[in-house]
Amino acid sequence: MSKACVMDENSEVVFQRKMADGVFLMGIESPGIAATAIPGQFVMIRVRDGLDPLLRRPFSICGIREPGVVLVLYMLVGEGTQILSRILPGERISVLGPLGRGFKPDEKDSRALLVSGGIGIAPLIFLARRLRSGEALFMAGFRSSRQVIQVRSACLVCPEIYIVTEDGSEGERGLVTDILAERLKGAASERGRSSIYACGPVPMLKKVASLSKEFGVPCQVSMEAHMACGLGACQGCAVPGKRALADAYLHVCKDGPVFPAGNIRWESL
Amino acid sequence: MTEADLGVEIAGVKLKNPVIAASGTFGYGEEYAGLFDINSLGGLVVKGISLKPRQGNPPPRIVETPCGMLNSIGLANIGLDAFVKEKLPYLSGLSTAVIVNIYGHSIKEYAELAGALKGLSGISLIEVNISCPNVECGGMAFGTDPDMSARVTDAVVSRADLPVIVKLSPNVTDIRAVARAVEKAGASAVSLINTLTGMAVDLGRRSPVLGNVIGGLSGPAIKPVALYMVYQTAKSIGIPVIGMGGIVNYRDALEFIIAGASAVQIGTANFINPRAAVEVIEGIRQYCETNAIARISDLTGSIRA
Amino acid sequence: MTEADLGVEIAGVKLKNPVIAASGTFGYGEEYAGLFDINSLGGLVVKGISLKPRQGNPPPRIVETPCGMLNSIGLANIGLDAFVKEKLPYLSGLSTAVIVNIYGHSIKEYAELAGALKGLSGISLIEVNISCPNVECGGMAFGTDPDMSARVTDAVVSRADLPVIVKLSPNVTDIRAVARAVEKAGASAVSLINTLTGMAVDLGRRSPVLGNVIGGLSGPAIKPVALYMVYQTAKSIGIPVIGMGGIVNYRDALEFIIAGASAVQIGTANFINPRAAVEVIEGIRQYCETNAIARISDLTGSIRA
Amino acid sequence: MSKACVMDENSEVVFQRKMADGVFLMGIESPGIAATAIPGQFVMIRVRDGLDPLLRRPFSICGIREPGVVLVLYMLVGEGTQILSRILPGERISVLGPLGRGFKPDEKDSRALLVSGGIGIAPLIFLARRLRSGEALFMAGFRSSRQVIQVRSACLVCPEIYIVTEDGSEGERGLVTDILAERLKGAASERGRSSIYACGPVPMLKKVASLSKEFGVPCQVSMEAHMACGLGACQGCAVPGKRALADAYLHVCKDGPVFPAGNIRWESL
């Protein structure tokens, strides 16, 4: 277990850009983190000095822009993300990272199936940019057109991008897992050489995991949990997992956030 | 001008400074190793160890609260054997005091743990957790009763070959009674406070937020309660008091020392700022120099009240 | 859609809604009169009244803490006679429930206070403060002991012609024991929590900040502790629980209600936002309407745990 | 006791201006407060939304600029005033006021002696502008030239202004109370028709109070205390006072902040 170097960087926010309803892309100058981060890893951001809100917020790394800028795509949820969205370029925040285990794309994939729900698109955008070989198919689900995050420009490597909305207001209508299911059913020939990489809400990931099992396609999922340390020290970020050890929980910040779908006890979620 | 002497002695063990990383917030030390020189700490307390590995409580285990957090980890830990095999080799290579926090379901288990640590090198002190609110039996049930606290202390002290710190619960009517009882039973020092029992409700689901319903409150929110208990306890017993609860900077740490603490522990602050402990040490050093304090130990209990 | 019924009944007294201004934070009501319509409150509790006027503790009496504050007012109040002469006329003109909080140095004084309030019009309920950390004798000394709590309760109940709420201290090992004792002794309801005992240290002067050394911690910092105690207590007794501790908005208030409170009190939040209580009422009303809750009382204790 | 109307106004900050080292003048659009405030009264400001810092901060009203702008002159002390100083024009804060009892200038004064120490100058600037009759003499003490707040333009009604610094780096050298003492000693004839109005740190006010007694000149002082409510509801802001009642404390927010100097038990401070 070689230990990658984690850094706590006092980083300048270099830009903030609105990407969709309540979704912003932030660029943060963190050269140390940018240098080693891989897709699926995350950072813990202290949204302001002072004691409230107390804890850092975890965000996937959505990309790296040279030189040394870490991209974070975030959605407004509560006070922490509200504060984040009001930070002006030039101000500084404390960023801890890169943290956790990222995606491990299979070099032998002929096709990577990237499946995201909502803001879960963030780590997959980074992954799409870093995929070395094969082709990628990006399936991104959203509630409605106003939530859609445009990925076309970000994902030059993906010849196929499906936008799916629950209300059909943009792209195809339905759930992203429906599209995935169709794809897996349709193209039996591909299955053997494909892998799924997924991030999104738990019900979606459950469905993805069950499809991956049904069709025998390997699958990696990026999970979330409330976190305190992000470093594997507090044991706060437990998710029910399968393990040889007596410990029936896996820790998102250290064992994940990316797990083989088969290592999660989905039935306990 | 000579440098201030930050060294303190707890139960015959010399710490290079009075700042210790608190149990459960600093893993087994190595998690923070990349972020600063752990050997600059006065000491570190490892996550509470039980005889058998424990998977801990169902998630969610963490919830943020105003200026604080609740945790219901439930003493998830790798267990004694794995600790000794996998973690102690790293820890015993450190030049900072390693304190092993232990937790049992029964007096017998506490005693067994103390016995099992006997003769192992690389450990300076034992901290006995009789105050965890997150486990069904044992834990806080011991710590809220002076008699039971004394019996656990006695059992550990008589089996251990290291000085014993007993970690006290704040969830009591009179913490001094428990402190006196464990002092009498042979504790070499007490540490306080562990977390206050608390709860959070998820309005959307009309259910508790934590999988375990209740959890332990830590962080700046509890600092006034912790300071008071340290102040009160230090006046009531003769053994050293190690203070903690909501310390985030050197000023907080000095307040505890002035109120009566011989050393302090940094818990939740490690999560907000992994360098919190070293910054506290640096701040204390500067304060002593600015105020011509020769020995930090001169400040302990110096409060004018 | 019909409006949600926010009315609650505490000990036979109907409140138009479950939101009450807490003792010591709302003066004698008139202080806030210019800022909103006090009659929109479910009720208000006046500052604790003792037999004789009390000047209170030496200043400083207030210190801010992380997400909270410590106070060491020491039950400064104008005394029973002046209360009846100068304050009650205004209060009895209100159309909200007026709750008189009483505090004695001895069981006899508590009983006398209850007796003196007999027959006075304009008062709906008595709240017995056995939990103030800021006074030497009496106060919390009663509230931390189930037996003493029961005796105070009994003395007040037998003299009073109004239903009696007993206000509990959180500074105890097991609040349920005290709650059960006062229930048995005749209390019609309990209110909780009073403040947690705490302290602040002035680093510059190396002395306590508060003139009285210790004080009571209130505000959002204590909310998790308060919620837990309300939850625990509500499950243990049959009389209504009035919950408080750190409530600043309607979401906080609903969390207490879901955890088991029949009504809530707003304390420290009045200082931050004098309209806090009315905004809580408005928020609860909207929540009930959005979620098709016909009666707020249906939510009490509805937590799924 | 007629009750003046207290308002909680969600007010726009209209300007912030640096006046001296660590001292700022802030203009806040609070028409309701501006309409009725008198010198010596104060406001309680919530420096930001959120729970920390929790309490409002009390500040004297330093003046009114038509139409409806309340002026606050504040010094950086801790977190609250730091946050205040970072508020940009256009942002809003909650302002409660006007609170407390102000100065009651004696209409028969031939001469008002305004004595301030440091930031205690704030309420006296307002008073100087509102004095109706007689002449005013403004004695303002500071530690050093960098702390000096220029009052010349603010105090058109004061024909005489003395700036006093402890280190002599601007104006006269010494303590403002030395100048006051000289003045009182020198101009025996004036004494009968003068009043002192003072605000500043406690040791200074103590000295002023004792001079007022010694020379038999009436004196009003503006006091400070840590506050929670500002409305007379919490009893937090006690100062040792003289009273007919058993209550040996006065409350700064309700009985003051301006008190006749003779009503304070200076020996207990």
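Labels A, B, C and D are assigned to the chains in the order they are written; within every chain, residues are numbered from 1.
Quick note on the criterion: contacts are C-beta pairs under 8 Å (C-beta built on N, C-alpha and C of every residue); 3 or more make two chains touch, one makes a residue touch a chain.
These numbers come from a predicted model, not from an experiment.
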If we define chain centres by averaging CA atoms, which chain lands farthest from chain D? Would you check?
A
Could you state the distance in Å from the CA-based centre of chain B to that of chain D?
47
Chain centre separation (chain A, chain D; CA means) in Å:
56
Using CA atom averages as chain centres, what separation in Å is found between chain A and chain B?
36
In chain C, which residues are in touch with two or more of the other chains?
66-68, 219-220
Which positions in chain D touch two or more other chains at once?
51-52
If you connect every pair of chains that touch, what shape comes out? Choose line, ring, star, complete or other.
complete
Sites on chain D touched by chain A in the complex
50-52, 79
If we count contacts the way the header does, which residues on chain C are in touch with chain D in the complex?
24-27, 31-35, 47, 52-53, 55-56, 58-64, 66-69, 71, 73, 76-79, 219-220, 248, 268, 270-275
Residue numbers on chain B that touch chain D, as the complex places them:
66-67
Can you name the residues of chain B that touch chain C in the complex?
65-68, 70, 144, 171-174, 196-201, 203, 205-208, 213-215, 217, 219-225, 227-228, 231, 246, 251, 254-255, 258-259, 302-305
Can you list the residues on chain D that touch chain C in the complex?
3, 5-6, 8, 46, 51-56, 94, 96, 225-240, 245-249
